[in-house]
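Look at the two complexes coming up: chain A is in both, with chain B in one and chain C in the other.
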Partner chain A sequence: MSLPKNIFGARAAILGGLAILTAPFLWTRLDPDFATGFVSLRLVPENGIQFLSVVVPAALVALAIAGLGRLWARYGSSKPLFETASHRLFESPRAMAATFAALAAAGFVMRGKALSLGTFVCIHMMLAIGLNVTIGFTGLLVLGYAAFYATGAYTFAIAAHALPVLPTWAALPLGFTVAAGVGFLVGLPCLRLRGDYLAIVTLGFAEALREILRNLSVTGGDMGLVVPMQARIKAIGPVGQGHASWIAAVGVTLLVALFVHRLYHSRIGRAWIAIREDETAAAMMGIPVVRLKLLAFTVSAGLAGTAGAFFAGFAGFVDPSTATFEQSVLILAMVILGGIGSLPGSILGAALLYLAPTLLRDWFPAISDYRLFFFGCILVAMMLFRPQGLCGSPRHKLELEGAS
Partner chain B sequence: MTPVLKATGVSKAFGGLKAVSAVSIESHAGQILSIIGPNGAGKTTFFNCLSGIYPLDSGTVELGGGRIDGLAPHLVSRAGLSRSFQNIRLFPEMTALQNVQVGRFARSPRQILGTILRTRAWRDRERASLERSEELLAFVGLGDRADSWARALPYGLQRRLEVARALATDPKVLLLDEPGAGMNPQEIVEMMALVKSIAKLGVAVVVIEHHMKLVMEISDRIVVLDHGEPIAEGSPDEIRRDPRVVEAYLGRSEEPHG
Partner chain C sequence: MQTPPNPDSGALLFSQMLEILINGLARGSVYALVALGYTMVYGILGMINFAHGEIFMIGMFAAVFALGAMGSAGLVAVGITLPLAILLAMALSAGFGVMNERIAYRKLRGAHLLAPLTSAIGMSIVLQNFVMLSVTKGKVDFPRAVAQPLANTTWSLGPVQLTALQAVIFATTFALMCGLFWLVQRTRLGIALRAVAQDRTMASLCGMKVDRLIAFAFALGSALAAAAGAMVAMYQGVLRFDSGYMIGLKAFTAAILGGIGNIPGAVLGGLIIGLTEDLTSYTIKSEWKQTTAFAILILVLWLRPRGLLGERVADKV
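Right after this comes the complex of A and B.
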């Protein structure tokens, strides 16, 4: 691919074009006058100001994180900062225990709303880590990842209705197993083919699943299902429901990250990366490519199911909105923002992309209308300026910069 | 002596073009068999047929007595046939050591649960795979470059790394597709010494190479292909005297290559 010599000019042109295209929506409004039938164009700055008030701080935070990584690279060590930190954390049980204890203790100084926000951030971290297994490690694009999230959530809600004795902790293995099974069946036909069939098939699967969930009586239709009290995360002794949820969320997220870290640093993880780098050469090295792709996708789907079942146990209800395309795009944006193929990147991306819109929604309520637009801008900007993501896994960096 | 690799009447056509027609080779443990021929003679296609990348139109391939034609590449590799590629196909965003470790995949047992729990058995096997990979890196002369990114290695070392990676699958037969391509004369001499030392380990080596002088020096036997057909087979001396070879290949330029 040959880009123009002046790369900055090309980037500026694309951003400028985006700005011109979107300007009318951000700064103006059509006002119909029902008495006269005329429609008048009015200049309204609020939307634009709200939009910028999200984009500018988010860009600053992103720049700060990227700058930190770059500073570290220049003055610290030859190894990337976030990768090194996460590797140390997940290689040492003591560090993991200390992190868990610190985060769990931090829950006692957080108030109710912060606790529930933190729990949701953890759920999205699990999702981003899970999606990274297929997109980042194995190089397979998945566009309907939220379908497996919904599978896990509904599985647990339905199972809790059917089996009143089902304990809360059963959510995790149950969500994992069922979503992994569904992922296996979805992946089986399309992973035998080369190319991005998986992206299209999962996209279609997610849309179909959402319609099915909306129309079956067992899933409660549009209303969704309420999870019976006995299966929800409850207060334990002096620890309130909010705190219990937060501590469980931190614990499960750490376990999920450890699980993926250990797979990544094993022959399975190396085989996944080999498949991403060169499928033919990987096969020639004795790697059963189809089987390992299927394994990656199954694990990925299972982790989404775990997150979904946890969500059901925490929120106490599930509805078809868990399987929306917007949810899939949100998770994808987290992975890309953090850095494709980077475990700490997924964690960071999930935290940023969940917190930024939510916190700013409290300050500017109308901003939720711009969520999708906001993700789109982030993805375009990331692809232009930092294609390797914030944490920039070194494995992906040069490939995307077109070094070869 | 029975051959390790025996290909009989291997044919492959793409549409109307017969890329390989009725080629038969026998490769013995510890010996070097060279396949030569002008550009487009079907040498690489023949390798792709042997290694399971292309399905055969007709013919059979036997490895150590068992049929391997019709098997998928990863099963061919497990059966004991490994190869390098004409245009280097390393895993660029992995380190040299990791590239070789990927080659150990099929030779280390499946242990998903052990991987997650990091059992003692898993750690022992992981260490064994690591040690074997380091050994192989040292064998090809890359002992001090284990942590370099594969893409960052100089061209000649990338070719060596590809050989180490292929050896990591514990092959009985090693196919090398132009191991000396793009190298300077000094590097070619070193590469050929490496090829010889691999054969000394008891591996049956099949080499595609253009550098005639070296082919004549290292080969035990030579097969000549032209337009996909075998036109001569024999020892280097026989090939040198064969008029058909001279006509098809060596006679084309005023001076032979090299």
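Right after this comes the complex of A and C.
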């Protein structure tokens, strides 16, 4: 009997291969025998059933969302849903100001936990917008972005200890300047080279920085530092500490967004796009490629420093976990989900990826361990099926897929 | 109190140096094995296979699984189980490597640099968390009964001691590297691989099955990483889902150091990184290992951006 050939198509082969390869991990358990020092293997289905019981429904939900998106594209509108909505809200400085003013006003109906959650969302919006300057505008990948976030946070914490008169607002310029300076020094040796060196160098820098933060006494070691009371964001008159932080966060995010928006639509921004689209051609047209790449990276690092210093002033403590790889990947996933190179995309991506896991954790505490796993899946799936992200334009799509 | 001058101090220092040298070379040869995988994929596809460190970690776990399966079957003779476990780990990891390429990279060939790199990072996170979720969050012990006899057998080489475990590491690494060089330099398959690395379109026009050759390169690199993983698992005695991350990073540094895309360069870079690390642990403090490795990376990129053995290649337009 011969089987029809197409049931062993590519998809079936991939699924079958995956089932075989993952079998030892899913369906067995290792039993170490401490007396003899040997180990034995037992068939235990529990792990696998638990894993699949989370992953399979999640995959189905993702498929359903993708299907809905396809339906929307076919029957709803000529423009994708997110692109239309988010571009309306953030397309011009005026629209952005209005949206953020509405957000700030909305803060007055929120209370304690929602406010601090909102403030953290804003901090991540700043980070995503900042990272978008390198990844999105210039096409350089930065993998250790959290290092600059940590630089800003620690700079402000240390400065507040050294100078007791330091006002809270000084966090922003201080964080920006120091992190931008560090970014300049890190970017200097590797920006002459191909783009992917920067990714690895920043990653190595983040690991080294975390090690330094954990080993020096001035940074408080593993425990981190507490920011002195006088440097933190305080209640102003009738406005409580929570609301003051929220309004400050929204204000700073608006500033960052406007700054990047203006930059993007300036001569510099257009040069960045030219570099992203074709570095060699850009150099031929007389664009100083290395200098502009360095500028993009420096600005980007500075914005992370601003966000970090704001975080230090808001949360009141800093520790080495601000520089983890997990944090860097979270920010990266925000930029990619929202849409590489799209400012509204970064804002939307940050809100979605910060809120979704937190809300999921409250509603389904059992699956909070799966957060990073799903981030990874999102990164891969976005690159394969929708490289321009939720809000990206067709232009980004063409660029990412390559002209072939 | 005055200490009398120690007549042996010169010899002591010398033996310490030798000890650092042996430990560093053992560590470095493992980095070299992993770095080979990075360098081969980069040479052929021009992309950084960020998930390679995770393939190494899968190899670690696969070796323990294989030993466990053999233990359950009543096979406990170390002389048979250990080589068999390494081979099985290599096979499973090779499968993971090929699958990785098929799912996450193949569609993105020829896309913008960012796309495959991002996809690779995603894959690395997926693999790491898959092992964390399906096996354990905590540590897994490498079976002591397999590693202990090897670690306890020592030979004196002049003033220093060499454990059988280190000897196994040296021998395996050396054999695998020789095998790889032979394969790449002397066989038809190797010629085809190098042709694909040089010009993919031309190779495909000459009738080479480019997809299969690329998959084969991934399988090869993954198998080497798995062998390294099995030996590191043995050496350290414990393994965790995130054990591959750091080694992957260092091996990548090694590959850049030697000149990425260059096979002897990867070996040289691995040995240098391994030696530096042991030297740092010994002379400064082991907490600064990471920072030294990073400082070397920056220094190399600054002084010799193409790596020690890399050649200057103009960008293809």
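We adopt the following convention: the second predicted complex is superposed on the first by the 296 of 404 C-alpha atoms of A that agree within 3 Å, B and C clash if a C-alpha of one lies under 4 Å from a C-alpha of the other, contacts with A are read in each partner's own complex, and residues count from 1 in each chain.
Methods note: contacts are C-beta pairs under 8 Å (C-beta built on N, C-alpha and C of every residue); 3 or more make two chains touch, one makes a residue touch a chain.
Because the structure is a prediction, the values reported are computed rather than measured.
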Looking at the overlay, does A:A73 come into contact with chain B only (first), chain C only (second), both, or neither?
neither
Touched partner set for A:T22, first chain B, second chain C, both or neither:
second
Touching A:V289 in the superposition: chain B (first), chain C (second), both, neither?
first
Does the superposition put A:A59 against chain B (first), chain C (second), both, or neither?
neither
For the three-chain arrangement built by superposition, which of chain B and chain C touches the greater number of chain A residues?
C
Could you look at A:V239 and tell me whether it touches chain B, chain C, both or neither (first, second, both, neither)?
neither
Per the contact definition in the header, classify A:V226: touching chain B only (first), chain C only (second), both, or neither.
neither
Who does A:T280 touch here: chain B (first), chain C (second), both, or neither?
both
Quick one: is A:L117 in contact with chain B, with chain C, with both, or with neither? Answer first, second, both or neither.
neither
Shared chain A contacts, counted only where both chain B and chain C touch the same residue:
280, 399, 404
Which residues, counting only chain A, touch chain C once they are in their complex?
14, 17-18, 20-22, 24-26, 28, 30-32, 36-42, 47-48, 51, 135, 139, 141, 143, 186, 189-190, 192-197, 199-201, 203-205, 207-208, 211-212, 214-215, 280, 325, 329, 332, 336, 340, 369-370, 372-373, 375-384, 387, 399-402, 404
Within their complex, state which residues of chain C touch chain A.
47-48, 61-62, 64-65, 67-69, 71-72, 76, 92, 95-96, 98-99, 102-104, 107-108, 110-119, 121-135, 137, 140-141, 143-146, 148, 245-246, 249, 252-253, 256, 285, 287-288, 290-291, 293-295, 297-298, 301-302, 305, 315, 317
Complex contacts: residues of chain A adjacent to chain B:
259, 262-263, 266-268, 270-271, 273-274, 277-278, 280-289, 394-396, 398-399, 403-404
Looking at the complex, which residues from chain B come into contact with chain A?
51, 53, 72-74, 76-78, 82-83, 85, 89-94, 98, 101-108, 112, 115-116, 118, 122, 126, 129, 149, 151, 165, 168-169
